[in-house]
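Accompanying notes for the structure given below.
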Amino acid sequence: MSTDSVDEAALAEQGVDLEVAEKAAPDRDYKVQVGDPLIQVQNLTVKFGGLTALDNVSFDIKRGEILGLIGPNGAGKTTCFNAMTGVYKPSSGKVLLEGGSIGGMRRHKITQIGLARTFQNIRLFREMTALENVVVGLDARHRTSVLGALVRSPRHIREEKSSIERGIALLEFVGIADHGETLAKNLPYGYQRRLEIARALATDPKVLCLDEPAAGFNPAEKEELMALIRTIRDDGYTVLLIEHDMKLVMGVTDRIVVLEFGKKIADGLPHEIREDPAVIAAYLGVPEDDIA
Amino acid sequence: MKNFFSNLSDKWNSLPRPQQWAFLAIIVVLAFLLPVINPPFITTEPGTNFAITCAQMAVYALVAVGLNIVVGYAGLLDLGYVAFFAVGSYVAAMLTSPDSPFLKIPFLWTVPVAMAVTMFFGVILGVPTLRLRGDYLAIVTLGFGEIIRVLATIIPAMRGQVGFQDVGRPPGVAEDGSPLFANSNGLPWYWLTLVVIIIVLLLVGNLERSRVGRSWIAIREDEDAAEIMGVPVFKYKVWAFALGAAVGGLAGALFAGQIGFVNNQKFDVATSVLFLAAVVLGGAGNKVGAIIGGAVVAYIPLRFTEIAPYKYLIFGLALVLLMIFRTHGLLAARQRLLAYGRAAYARLRKKPVDGPVPTELGGTENKGATA
Amino acid sequence: MLASLVHTLPQLVPADGEWISFDVVSLGQNFWSATFDGLTFGAIYALVALGYTLVYGVLNLINFAHSEVFIVGCYGVIFTLTALGFGPSAPNLDIWSIVLNLLLAMLVGMAASALTAFLLERLAYRPLRKKNAPRLVFLITAIGASFVIQYLFYLWRTPNPEPAVIMFKPTPIFDVFGTIIDSQQLVIVIAAVIMMIVVDQFIRRSRTGRGIRAVAQDPDTATLMGVNKERIIVTTFVIGGILAGAAALFYVMKIPSGVQYNGGFVLGIKAFAAAVLGGIGNVRGALLGGLLLGLIGNYGQILLGNSQWTDVVAFVVLVLVLLVRPEGILGTSLARSKA
Amino acid sequence: SSGGSSSAGGGSGVNIPAITSVDVPKDAVLPKGDGKATCPSTTTIAFGGAETGANAQLGINIYNGVQLAVNQHNEANPGCQVQFKKFDTEGDPNKATGPVTQMVSDQNILGVVGLAFSGESKATGTIFDDKGLVHITPSATNPELTTKGWKTFFRGLGNDAVQGPAAAKFLTDKLQAKKIYVVQDDSDYGIGLGTSTSGALTGGVLAGTEKVTTGQKDFSAVISKIMNAKADAVFYAGYYAEGAPFDQQLVSKGFTGTFVGPDGVKDDQFIKAAGDASSIAYFTCPCIPGELIPSFQSEYKKLTNAEPGTYSIEGYDAATVLLAGIDAGKQNRADLLSWVKSYDKDGLSKHYKWDDKGELQAPTVYGYKVENGKIVPIGAIGK
Amino acid sequence: MTLLELKNVNVFYGRIQAIRDMSFSVEEGEIVSLIGANGAGKTTTMRTISGLLNPGSGSITFQGEEITKVKAHSRVIRGISQAPEGRGIFPGMTVMENLDMGAFGRSDKSGLAADLERVFDLFPRLKERQKQFGGTMSGGEQQMLAIGRALMSSPKLLLLDEPSMGLAPQFIRQIFNIITEINKQGTTILLVEQNANQALARAHRAFVLETGEITQSGTGKELLANPAIKEAYLGVA
């Protein structure tokens, strides 16, 4: 698409780095409206044997927002993620993306229709370079067939070239472009986390789910990450964020859902959550200043 | 030795493209001339005709290239790959040998038929089993290999150990009026197989540097993560199986033609395992390595026929020692998975992180206007 | 062209209907003897399968050379018995001297197998572990080592089978539905099952057993818990070897003239299949898989009237089981087995 | 235990005495010739067959016979030192092409003894034929081999079409078996021989047929069928590698009938491996008992430190045919080929004269049995 | 008394040098913190001390004895225990078995029951889930298990690699209290933390690691007050 239709100045004011954004996701609509629900989680329940890890949980993720998902250890956050992305089959309830159910869909399909994620325990393709990792993500949107690849069809060439442009742009976006040729397994932990984000972004998702992306970061690094997440949102992505670092969560999210023992106990704006006595009792448990 | 090889791949990668091509051309010419030169120490004569040795090395190399797709790229441990080789051989034999009741077609036509049939077998085997993980797949494929061999034994039309004689050959006569592709004339067979290898290599290279190759490697690295990143895991596994099978079938057909005789003896687990050894020896995932591995595996026993009882002892020792001293295979250089990766990495290396994006790839036009 | 192809197709099926004819009558007649023989072989498969399973559990490695560990044990047994004066005719010994001699042979067989397994681990695998070799490389090394061991015996013992050594004439013990179970079958099955139970309990309950399971799951962390990884690995190989040595004695009892330089290969593959059938990495699975495979093969062979079918039937059943239960019958691995 | 006891077991019921000598043709051609031969020092004959692999013993038996012939020839003929080269095919048709091509391309090789097995012979006959290199197989018995129109192929012994009926006759007449079970392996050889034998067993004496596999070690399923059929004789068409454990297991399950095997089973290795069980065994073989020819036996033993094995003498005789041609001045391939074609003389083991297909005109089949742990001949059993 | 001492240690991954000429010591009874950015080499240092990595050169002494060449498992028996980065839970063992593994190399079994009691007191969740497989525990629960397991070995020197990673806020504070507590009971602790505030506040001494080298050292309080460190590691609040 051409950039003419976009009010560049206005976007720039919002802090959107147009160049990167265009390269990373050329088909994206930058002028997103925060508002209508993009994902609806409806009465989701997941059981493991006798344990109900997720108990009748419902919430919406609205287009263009950063939704925080918090709760004590073992509350069911990762489980919720897994149920949304097709890793676990929910015992009951469903997940809708833009009104359509994604229940029973194959996992790679779920990604292709716009739900991408990172892993709490990093799972990169260790023997691939950083750039290649990102390009695998980009391939989710590509349509070259095996035959096309075999004979180097024009589409293959076109897609390969754009892969590299977009791949490099994404690496730049998360700040590890100069490690593009390094094997993923040899990247330091923090860079691996960034690479995971880049790879997930590469699938050009409607919703990006981040599972504890700041784990293992020091406060300074966390701040960079916050900036990065904001930029991602500003670029038009919707973000679902699981994180234990309250400063990060409070600083970056637009809205927060709180789980405890598999149940939703709160859902609101950050400042509301911060003062919610149930949340304080269940989770925060400590006066603010002690965390920082 | 270790340094020699790793330096080699480093050096190789740092060479500019034209120089790489020039080197490749020299290597290819040398490869073609190998049986003609018949180098003294290397030759397998007087035990075995060297041109035939070369032809068999080439067939093994081709097999290894095919198996490398399955094992090296997609990481699917296939212990029954010989089954595809067998199917290819039998297709060629049954469609050309006078011993077969089937209709006869010219030998060269059997090659695409063999590939199609083996591909079909690959899919038949793959669809039910490729959902199995890791070594469960290994034993199932091993079983499949055995089943194919045993069926060749018990189905009367497959003629068991009696086999098919006078398998067809490509057309052409030599000066003395004898067929050019006689079973005893290794040279044309070798050259034919070499040409086939080069074509297959180019095609496999194309796959490797595409979303197909990347998907395979991603599956090998972490199947779940690959799927969640949008890779249709099952589909690409079946593709790996089918394409690998097709190359195996191709090699089988050529082998049948060169030997001129097909029976059930060659297609046992031990041979399967040798094929696998070829791939790993060369460096799993590296197609050039696979070629070298295949050639070595075929070569060693033939080289030592004069000390016949010791040849497999030597072979076994060579395997163990090579693996201990070249743990990642002879050519451990990793595969490149991007079609325009060289330029991309060069760009990443040269460029300060925040600098403007050069457009040397010509993929996008420079928009100029940035806020 | 297509028409003539189709026309020739029926030729694949022989006219006399031999392609698949179920000899149900024969199976009925031979059912019990097939069962007992199947169980005896199954017990032998199971013991060998344990070696695969244990090593697989700890190193995630298909130890292809385990069939050679087994065959070396067979040579050990044969040599001992020959030295003790056993030969091609069953000796006239009282039961206690037979038992004593057999125990001695078993000990030697176990020692030979265990030593082979130990050397294999030391000389072939350990250098690879030091270099963090990928799994496939271990597999190929195993194959190479397999060749080496086979051909050492080939050179030493010629390609011919060893002369038969007969330990005792099986005496009938039970009569089940007209089929006689003899002392040999009984000894083999009972002894094998007892050994399996001992190993199972050892893995589950002993400290070393816990170490084995820890290394199986996460070698680095196991080390951080004070587990001597190298020793655990060696121990595992040696246990596998000891069991293979026991299997060797039973095998020689059953097939006195079956010891040959390459004689382990086919049995090894069957045992490996048995391990997978039961759920590789699972000790009880090995027993179950072994017995099942022995039975299935024997029934199939009789039902279909050609020994070739043994393998086909066995593998078809294996595939079917895996399709239904992708992790084998008893699924969970050594690593996951509960205490 | 009910299997054999109900009927008179062939092994115990019939006693066929061993013979202690065979007639050696008086004017048999021997390798040493007249001692006056001359030939270029490059003159070579070759052996092709299995030196390694599971059935290597047969190949070893043969090339020792050939080696003996060459040695005797060279000792006696200072003017004609024939070289001898061995080519290992492992008995595998797929591996034979390379060595055979090497043989035919070595112009010094004028004649070949081999190949040893039927399968490999089939796979390579055309190569010999193309290059006009004469070869005499001392052991490949598949009848099909002479139907291919090869001009260079000669068979130095009777084929399976001769042996099968002879074996059938031996079983029913001499051994007086009433219920015969035919078991064949999956080799070219076993299938051919098994089929021709069971085909010749007419009049209801065939109790059943069964197939086993090369490499099989456990025969319990087959054996329970045999026992249930109450057979009193088993004919095993295959090689000793499977034949020995089969026989051993048969006996240990209580079988008391007769076990008959063909040339592929007739080997000392059979007795070694089967142990006591081998005492019920008889053999048929289109081969002559070389050990009964004292001159041959002692010379062979001197060379190899072992008794002559199956086909040793056939190898020796075949080599002699070739050497005699060389001595007679047939010192190129074409000449030597026509020499063999028109050959009509006695060898140590039999008369050598081939028909136009390359089959011997008058092959004989011998019977053997096991006595005191040794294979001993019991005389000719077929024409 | 000096418990642990590193002298001129260099560590390589293939051709990459991860630790450069590192020397420092840990006195008995101390809490020493290592802080540094991602990839600075903190984990590498820990793994070198516990013996999972072998230094290319340099020496490590523990209780006055040279242990550079001592195998990792023997170091555990000598009293060095590590809760590794990434937790290292045995996924196929139950929670209880995982805890048992912690005591694998322990020679005195006397205090075992008391130690188990203490772990269960600290993390009641573990007590609830004794029979659950380690691999199915949530991230934070696994972290608790890893720390609990390390405590079960009652070590002389406890190496903790990012113990607070993945823990909910209420647990983070608790974890640091526990660390202080264990230390008071006599265990020396070497702590790697990204939560630099807490790590420095609790440490007697601390080092800052940058690309494999120690660039700053001092007491926890000193470093906490250092503006450069504040900027680099503590974030501008």
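Order as written gives the chain letters A, B, C, D and E; numbering starts at 1 within each chain.
Convention: a contact is a pair of C-beta atoms (placed from the backbone, for glycine too) under 8 Å apart; a residue touches a chain by one contact, two chains touch by 3 or more.
Values in this document were obtained by computation on a predicted structure and should not be read as measured data.
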{"item": "Smallest number of contact steps required from subunit A to reach subunit D", "value": "2"}
{"item": "Labels of chains that are neighbours to subunit A and to subunit C", "value": "B, E"}
{"item": "Of A-E and C-E, whichever chain pair has more C-beta contact pairs", "value": "A-E"}
{"item": "From subunit E, the most remote chain by mean C-alpha position", "value": "D"}
{"item": "Centre-to-centre distance between subunit B and subunit A (centres being mean Cα positions), rounded to whole Å", "value": "40"}
{"item": "CA centroid of subunit B to CA centroid of subunit E, Å", "value": "49"}
{"item": "CA centroid of subunit C to CA centroid of subunit D, Å", "value": "36"}
{"item": "In subunit D, residues with contacts to at least two other chains", "value": "52, 186, 213"}
{"item": "Interface hub residues of subunit E, defined as touching at least two other chains", "value": "none"}
{"item": "Residue list for subunit B, restricted to those that touch at least two other chains", "value": "153, 309, 312"}
{"item": "Interchain pairs in contact, sorted by label", "value": "A-B, A-E, B-C, B-D, C-D, C-E"}
{"item": "Subunit D residues touching subunit B - in the complex, by the definition given at the top", "value": "51-52, 85, 87-88, 92-94, 97-102, 104-106, 119, 122-124, 126-127, 130-131, 144, 148, 186-188, 191, 213-214"}
{"item": "Of subunit E, residues touching subunit C in the complex", "value": "50-52, 71-74, 76-77, 81-82, 84, 88-94, 97, 100-102, 104-106, 133, 149, 153"}
{"item": "Complex contact set, residues of subunit B against subunit C", "value": "71, 77, 101-103, 128-129, 131-133, 135-136, 138-140, 142-144, 146-147, 150-151, 153-158, 269-270, 273, 276-277, 280-281, 284, 309-310, 312-313, 315-320, 323-324, 327-329"}
{"item": "Subunit C to subunit D touching residues, read off their complex", "value": "26, 29-30, 33-34, 37, 41, 87-90, 154, 158-166, 169-170, 254-258, 260, 262-263, 266-267, 298, 301-302, 305-308, 310"}
{"item": "Subunit C to subunit B touching residues, read off their complex", "value": "1, 4-5, 8, 11-14, 18-19, 56, 62, 64, 124, 127-128, 131-134, 136-137, 139-141, 143-152, 154-155, 265, 269, 272-273, 276, 280, 306, 308-309, 311-312, 314-316, 318-319, 322-323, 326-328"}
